[in-house]
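Quick notes on the structure that follows.
Naming follows writing order (A, B, C, D and E), and every chain is counted from residue 1.
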Amino acid sequence: MAIWDYANPTRFLRLVQIILPWLIGLCVIAFAAGLYMTFFTAPDDYQQGATVKIMYIHVPAAWLAMMCYSIMAISSLGTLVWKHPLADVSAKAAAPIGAAFTFMSLVTGSLWGKPMWGTYWVWDARLTSVLVLFIMYLGLIALWRTMEDPIKAGKAAAILTLVGALNLPIIKFSVEWWNTLHQPASVMRMGGPTIATSMLIPLFVMAIAFTLLFFVLHLMAMRNEILRRRVRAMRLKAAATARPATVTATAQPAE
Amino acid sequence: MTGANGVGKSSLLRTLAGLVPLKEGGISLEGGEDDRTAFEHSHYFGHQDAVKPALTVLENLTFWQAFTAPISADVFPTEIHKPADALEFLGIGHTARLPAAYLSAGQKRRLSLARLLVSSRPIWLMDEPTSALDRHSEAQLLGLMNAHLDRGGMIVTATHTDLPLNSIRTLHLEAPQDVRIVGELA
Amino acid sequence: MTGWALSLFRREISLAVRVGGSAMVGVLFFLAVVTVIPFGVGPDLNLLARIGPAVLWIGALLATLLGLDRLFQADREDGALDLFLMSGRSLELLVLIKCLAHWMATGLPLVIAAPVLAIFLNLEPVAIGAVTLTLLVGTPALTLIGAVGASLTVSLRRGGLLLAVLVIPLAIPVLIFGVSSADAAIHDPVPFMTPFLILCALTLITAVIGPLASAAALRFSSD
Amino acid sequence: MTGWALSLFRREISLAVRVGGSAMVGVLFFLAVVTVIPFGVGPDLNLLARIGPAVLWIGALLATLLGLDRLFQADREDGALDLFLMSGRSLELLVLIKCLAHWMATGLPLVIAAPVLAIFLNLEPVAIGAVTLTLLVGTPALTLIGAVGASLTVSLRRGGLLLAVLVIPLAIPVLIFGVSSADAAIHDPVPFMTPFLILCALTLITAVIGPLASAAALRFSSD
Amino acid sequence: MTGANGVGKSSLLRTLAGLVPLKEGGISLEGGEDDRTAFEHSHYFGHQDAVKPALTVLENLTFWQAFTAPISADVFPTEIHKPADALEFLGIGHTARLPAAYLSAGQKRRLSLARLLVSSRPIWLMDEPTSALDRHSEAQLLGLMNAHLDRGGMIVTATHTDLPLNSIRTLHLEAPQDVRIVGELA
């Protein structure tokens, strides 16, 4: 299998070195195209006016927020089941990126919500599940930061990620139940009219650009994490290297 | 097992006890019960006493007897002491009904030692067993260790002082010139 | 369920009862949270009755989760966890028994205290019964989910808050169905059994997932 | 304020910042509690806006108190507390400095997070400003009161919950004046300054009583 | 100071350090600074290291230097080492910039020992100072202790092994036949 060849971190780093410039290039191109279409070719919505342009950031960010958790869940399986040495690096690197995308989708959604619904936030089922997802990301990051040993932390976080992945559908279901149970029909439903093709194409281009951005960031973060762990290993090694005292034991301490 | 501070004695013992996962290779035991792993044949006697201050001395010991399955080996017949006898034997019989919180460091250590007597296992893994013991208790501990060896048991112990045991093989650990940290993606 | 399991259960119960009444501290915290809320919200009785089931559930959630941090930590600190791990006993069963004992010692007192606190919150008799029943069914699930957090944070001294943070998102479904079945019992139109059965199902699911995940985390925690 | 005090302050801050971001865990707990409450109470925006200031204050109260258990415990466990006691430095000043550093590292982030969370609770801009201001003035008092609890429970391993139980009754006046001055700012008729000035006075009083009581408790704690 | 486990050695040391309140009587020191209590003249070196894992080794030591006021006595001139020198002298100079979490138990103990060098106080109260040290470190510690004695300092130490110090007076504690629990309303 290909990913097993890159179990060796050194080889992985070399691969990253090669891939990264291309990926960055593609990402820039995709963003340029996407943003151009967003601002110049995509029509304004007849109801929402120019605010609809927020969609081209909001929706890809929301998709990425969910995709990122899936990647973390797969990486966690890699840590626990296949014991792939880079799996926990991948999971750890993905968490802050996922949190950032989730945050972005929350912020853009809220900003969009103000003109649309007259309020920044409603406890709608979908919004609320995104908020819960955000808390889960932050909890995972906190767990990683609190545990000193990266390998142990990786295993603990992998278990939590997988338990969270099992729970996410339950959370989603229960939040939907909760909202429809308590709330009369007054909540504005999103969904809205089916989207026109002229809007769908820029949306897809932006989605591709965001996905590329994710991979760029993810690879860079993985590289940093590997280097960070190497630094840690070297420092541990430095600490463990026994060195005799510079002065013999019986000498006076003063000199 | 001897060696300088931080050379890895405790880590080796914990690895033998199955508490530190192996990076590669395996640990196997000849002549034990087949359906059990090597570390299920061992008692681990580390720096910590696993003594609950809120329970009485006897309750502490009785729990560990019920919890730890005794295991035999070909050359090592099972032999189990009653908790009360083990306490008596270690000279803390008079504390049996007291909460373990009232014990001094040395007494707690003896209570922890009694654990090895109430459930018999062929291998004892001991990390600096004589630390915090006074001379009298140390002599008594050495007597126990020798008795265990005589019955066919095995002891792996890390120590900084010489222990006068019946049959000794010393493993001296030295720090390698070039320490390699494994599993660190290096 | 054999001798060792029973013996472990007895040990856990006596530890919980003797060590400074951990049960009592949990109930006191529950009481403190529930009494503090009227001070914040103001003494409007209708409002209190309306948010009453929620207050009780949130109080129970916090009391349960925050009381769980020592579930495995105490055993790790004195070395008992090492001995558990090398004993050759089923770790999953061990976790389940510990959770059961912990719930009996700290969760059950919460359930028993709930009706009394409900009176302070001006709840109707039916509502009191409903909240207590849902707590009885739901708090075991909270303990079991919390056990996962407790084993993940077992090696960290400052476990308490982190545990709560890790576990609260996972506990949200239990909270939702707990409160909504209590509410359903109060406002007739909605059927009570639907959310209540889901709550029961959630408890059963956590009784499987909790010990499995928790045992795995404990295995990894030992250096 | 001499060299040792500054050096202690710097040490406390770097410990708080480095040890797994204790500040972040506090804010996260705050976020989690504030998010969980609507799940209990229901998504009714008017109701949420009405109880919003109370929710924020109760969240901040819990996050502060539950994060305090390690304030002296960490020092006791590694023996640093013994050295503090025999150093001959003023223990009262030491407590004050530790509280100050702790508040900077964990209380201030809560105050900063409060406006964001207020948006979730549908608070008006004025209300947001008022709650944040009262939290800024009031959370130091919570930390200082909590420090007394932290030093009373320093020798107990299961400090977290017990500390909260001990301290919540003492913190209720702070909570009451905090919430009521926030409410006063929202509903014009009541003057804002009266409860607010009382809140300030409370903070000043705790800055005197807190360190005194806390230092006394620490002195008795060493066996 | 020698004696069996649990006889009260550690308790006596902690009393001298002012950590256990006196039931009756007082502790006074001749020839010290007048406005200071007896225990402010002492360093306490117990079982715990007072080392914060999150700070670097140097930060740990620098903090204790700034925090602990150096105190002199008539026969004991103040003499203060720089933190970096003290670390170097104890053979852990190379770890100065590393987080203390990376240190082994023995290294941590040496870091804790360095505390006694960076702020000079005439009396050292040491509870089983050689425990957990390998032979090399033990010899080094004894050298330090002798140097302190030679400078006019005083050391009160509890121990289970013989310590080859320059001038020794042994206090052997024995448990009284009839243990009296004071202060228990008995």
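The criterion applied here is as follows: contacts are C-beta pairs under 8 Å (C-beta built on N, C-alpha and C of every residue); 3 or more make two chains touch, one makes a residue touch a chain.
None of the values given here were measured: they were computed from a predicted structure.
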Least step count from chain A to chain C, where 1 means the two chains touch:
1
Could you pull out the chain whose C-alpha mean position is farthest off from that of chain A?
E
List the centre-to-centre spacing of chain B and chain C in whole Å, with centres computed as mean CA coordinates.
36
With chain centres taken as the means of their Cα atoms, state the distance from chain A to chain E in Å.
51
Note: chain D sits from chain A at a C-alpha centroid distance in Å of 32
Taking the mean of the CA coordinates per chain, how far is chain C from chain E in Å?
45
Listed in rising order, chain E residues that touch 2 or more other chains are 104, 107, 136
When you check chain C against every other chain, which residues touch at least two of them?
19, 77, 156, 158, 162, 165, 168-169, 172, 176, 223
Would you mind listing the residues of chain A that make contact with two or more other chains?
132, 135, 138-139, 142, 146-147, 178, 182, 236, 240-241
Complex interface listing, chain B residues touching chain C:
11, 14, 17-20, 36-37, 39-40, 42, 44, 46-52, 54-55, 59, 62-64, 66-69
Per the touch rule, the chain D residues reaching chain A in their complex are 19-21, 24-25, 28, 31-32, 35, 38-39, 42-45, 48, 119-120, 122
Sort out for me which residues of chain C touch chain A in the complex.
148, 152-153, 155-156, 158, 162, 165-166, 168-170, 172-173, 176-177, 180, 183, 190, 195, 198, 202, 205, 209, 213, 216-217, 220-221, 223
Quick check on the complex: what are the chain C residues that touch chain D?
19-20, 22, 25-26, 28-29, 32-33, 36-37, 39-42, 47, 50-51, 53-55, 57-58, 61-63, 66-67, 69-70, 73-74, 77, 156-158, 160-162, 164-165, 168-169, 172, 175-176, 179
Please give the residue numbers of chain B that touch chain E in the complex, ascending.
3-6, 103-107, 109, 128, 131-138, 160-161
